[in-house]
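For reference, chains read A, B, C, D and E in written order, and residue numbers begin at 1 within each chain.
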């Protein structure tokens, strides 16, 4: 916490400066509100509209959490499966890439037609967004584990399973967190996009409604919330990383984000 | 307060008997949909024994959902249903929400575009469909102007006002929403209505749709649904302020001012010159599909009689 | 009875012939040292016996069962300590036991103390000095239950006193449990002090140049280090190695 | 090449089986073409419509290349800057996350207003998609370089710049490729999405038109092309990785994808 | 004139006091060895002199300029070879030169050959044996141009013959270029053979226990290894170290 206060002021300063510049330029350049509202206008709308808004937020946060947890679990699981079973890896690696290239515009109707309007299709969308960076990062992490240690373990009679859990998995943890950071960032936007699959609540719904009734200020309120959620989420992953990876030498620890 | 009482009344007694129905909108809720929300929140659906859930389709696209049976009813366009039926999508129009095409080519007042001939030398912002060029062409031909003189720019999802900022001179809008918004902003715009220049372009937009299987298997349900919806739109026609308030309450995220103004403008347009709300004419369907076919925009001729039906409208 | 039999093992890396026709065996409970110039192929031979490298030809038998290319039957101290940076010393030391059976934390703590590392049980490897890491790696393999132990220069980073202490400790453990040990070292005194037999490898390509049976009585005492016989033996082996040392020409 | 033939058959088999299953289920379940066309229908359409289609493809490929190259250059540059200048890192790290959370729905009008309907806004969209995984992966890669080697270099009088170029950069190369793989995959879809900002040509344009005229078969032709492009692109990155990272021990090399 | 002055350096890691008030100096062109038990703080002292670790108190001066906590003026062979896995041997060896000035490939190739590594110029570190890697790391620091060289057990993984050869080579280079060398070893003979002066560190917390000036004439010859005087010296130092060895109690 102390270190957060010590370091936190810098990004906050940058963000404050940015908002200030934005505020000033909307005033000086006389940018109309419907085009780009000023931060004060956005904050004002956020406060007055809070009662409408809070319901949407809880619904989206729920989606994010469920989606991210399922997505990263699947990402981890897929990476482990592909790593441990080389045949699987060779056979399915391309399919994983394919999965990242089916645009939502196509997937959306199919998902809704197959799974209806409930949670399921939305979670599938977030999962698709989340699992990929984790799988790729983990697979690369597993591959780069220390050869000498691996040899030591093999000689001592370690099963593949032991080598995996005692060597490759702990070694790949930093890579996993690298992937989790990317995924956590995407999961928020993924949730918002998934709400365009047909939802009655959520930030995504609020945003499209605002956009179609030309309420640019509300659109930006939604963005502010999305951004704050993402930062929070990213921060949680960072804290988890610091908590779990304790063994790093001090000098390096201090340079952690 | 009125609808609350209704809900309480039904909760205890009739609920088990209600038939669950799904309705998908075309995009976000707007004044085109007022009658649907009125019918739901005034309890008209419940009176008919229906429990209707209204869903926004997002990117999923309403027509496929209706055709596949994921949704029982949907909001669509004549254009979409025509295209869909040519591709074998079993979707049918069951009521016209607005009698005449209220879409127009709009421009900021200072660019002085008041008739199709003024399009010449200007830039049009569209979404890249070949239909747009054909429509422009047939309107400009009336005034001996040449569509080749128009610079057609694809502006994707960009909204009207943003496009106008970026050097686009005119774009295709629904007056009842975007035009009303311009009024509210005190942004004077000129409009060139399609209907003023070509009979054939006076197609129905939007319409209510269902799939062929429903028509075959549950005609009674459709009848109940349409009759409730019809009552809803009737209220919107007779009492636009109350209707607007119902929509605002149902979808509080909409801009209340825009909804009220839009509702006011739209109220007389729902039924317009038709004998009853929802009525569709065969010639409108034939005209438009023939026009599309003649312009090579359709791969085959439409069997217009199968594309719509008036049989479920209340008498 | 032979614990380990290495039969005509050869190994090349591309054009680089490292081992040529190496054969020897180790009896049950025997302590054998391997001496040879740097780069002659001792660690490679260990990897082959351990089953993680495939010989170009030849076979390896453990307890009369062929284990060529089959890892998993050997306790091993690699030349570089190879500790897991994310495990504490205690957990690193227990790794060998975790792999083959149950953790005996009590014994591990005892051994850590015996090796002069008391107080470092919960440190991480990066907080240890080079010699301390080497001792950790040594304890790890002594705690593993396998019947054959391969030690690849386990004491090279220790000062003479710590080294002598560790040697005596190794002998006491070995005498207690009668496991077979194959030991690589560059220190002739160390080999003499510890071994029943010393095998001398020639320079590249390595093959068994000579074997010496070391006759000192067990249990051995550090006093033999100063005996005349010991110095004599040292000279013999020194000369033997010098003769065949052709890899480095000076 | 030989190794490709040796290993390539497995993923190809899986994909062929998948297509076969798809073909059979459309026949057996009598799925109408407008809902989910069968692979043969899609291929037929791809062949007959090729002349219309090829122009769209070239236009999109161009976008992908320019966008990916700019995006990954920026990603690498940002990572280097943030790594070398700790103050920058602390101050701008959150902004990088924020950049991933501004939905295109909002960005689009702003970009169009600022940059018009030309290439620029599209390239900005692809860049935004591409740079993030690279930056995150590289930053983590830089941080994990060998401490002993770093100390050696510092003692020998290496400047920060030398430490960077001789130690941290080569050490982070595998991480860079991890990030490039993720980005390459995303760049294709990013290009298609960017075309929704208003383009007159491109796979994205073709797809929306096909979708609005209910030509599901054409939509799937577009997806097939997107998928093939992505796989090609991913393959190029893999080849580059193999070519550049030569020093890996044999055993590990053989397990490479 | 003093090349290096270490003044009252102390260092603790948390509660673990490692160095207490260590002071010594090295003259220009002097060869000094540091002996001390494993874990006593020799490598830590090297890191402090090298400027990458900050002492808890005390200062380090090089050529009369204070360099406490300022890295960059020293050529260094770390205890573990620390080679770059992605560079060939030749390029690894040239790293020190790249950092400070221009690459002299010719000289590098010559040294690689002299160290018995001919043919491995274009190999990668993972293809080398432990002792070969150590020699590469040694060549790397010998090729660096700095006036002070710190060598942390550079020959611990070499067999006796290669080791002696490397020692003689080190002496010849040193005599030629007159650089100052601070040398850590656990081998008393090695320290005696090479050094002008031997500094003995006590066990934890380490401080300078004793200094010996070694009077053998230069240039030295391996024959002195067998001289009576040499054995005498060896005994003295051995006894000195034994007395203060309290860290490992046996």
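As a convention for this text, a contact is a pair of C-beta atoms (placed from the backbone, for glycine too) under 8 Å apart; a residue touches a chain by one contact, two chains touch by 3 or more.
Remember, it's a predicted structure, so these values are computed and weren't measured experimentally.
Asks: So if I look at the partners of subunit B and the partners of subunit C, which chains show up in both lists?
Replies: A
Asks: Determine the set of chains touching subunit D that also touch subunit E.
Replies: Under the touch definition, subunit D and subunit E have no mutual neighbours whatsoever.
Asks: Tell me, please, which chain's centre (mean of its C-alpha atoms) is farthest from the centre of subunit C?
Replies: In terms of C-alpha centroids, the chain at the greatest distance from subunit C is B.
Asks: Just the chain pair, please, that has the highest number of C-beta contacts.
Replies: A-D
Asks: As a quick test, compute the distance in whole Å between the mean CA positions of subunit B and subunit E.
Replies: Each chain reduced to its C-alpha mean, subunit B and subunit E end up 86 Å apart.
Asks: Provide the C-alpha centroid distance between subunit A and subunit E, rounded to the nearest whole angstrom.
Replies: 50
Asks: Which whole number of Å gives the spacing of the CA centres of subunit A and subunit B?
Replies: About 37 Å separates the centre of subunit A from that of subunit B.
Asks: Could you grab the centroid distance between subunit A and subunit D? Build each centroid from C-alpha atoms only and quote it in angstrom.
Replies: 17
Asks: Identify all positions of subunit C at which a residue touches two or more other chains, and write them in rising order.
Replies: 80, 126
Asks: Which residue numbers or ranges of subunit B touch two or more of the other chains?
Replies: Residues 61, 64, 68, 159, 162, 165 of subunit B each touch two or more of the other chains.
Asks: Would you please write down the residue numbers of subunit D that are in contact with two or more other chains?
Replies: Touching at least two other chains: 35, 105, 109, 113, 147, 208, 211, 249.
Asks: Chain pairs in touch?
Replies: Final set of chain pairs in contact is A-B, A-C, A-D, B-D, C-E, D-E.
Asks: In their complex, what parts of subunit B are in touch with subunit A?
Replies: So the residues of subunit B in touch with subunit A come to 22, 24, 27-30, 55-61, 64-65, 68, 70, 159, 161-162, 165, 181, 185, 251-255, 258-259.
Asks: For the complex, give me every residue of subunit A touching subunit D.
Replies: Touch residues, subunit A against subunit D: 7, 10-11, 13-15, 18, 35-36, 86-87, 89-95, 97-98, 100-103, 105-106, 110, 113, 132-133, 136-137, 139-140, 143-144, 147, 174-175, 177-178, 181-182, 185-186, 188-189, 192-193, 207-208, 211, 219-220, 223, 226-227, 230-231, 234, 249, 251-252, 255-257.
Asks: Enumerate the contact residues on subunit A facing subunit B in the complex.
Replies: Subunit A residues touching subunit B: 34-35, 52, 104-105, 108-109, 111-113, 116-117, 195-200, 204-206, 208-215, 218.
Asks: Hey, which residues of subunit D end up touching subunit E in the complex?
Replies: Spelled out, the residues of subunit D in touch with subunit E are 146, 148-149, 151-158, 162, 166-167, 170-171, 173, 245, 247, 249.
Asks: Tell me, which parts of subunit E touch subunit D in their complex?
Replies: Checking each residue of subunit E against subunit D gives 47, 50-52, 71-76, 78, 80, 82, 84-87, 95-96, 98-100, 124, 126, 144, 146, 150.
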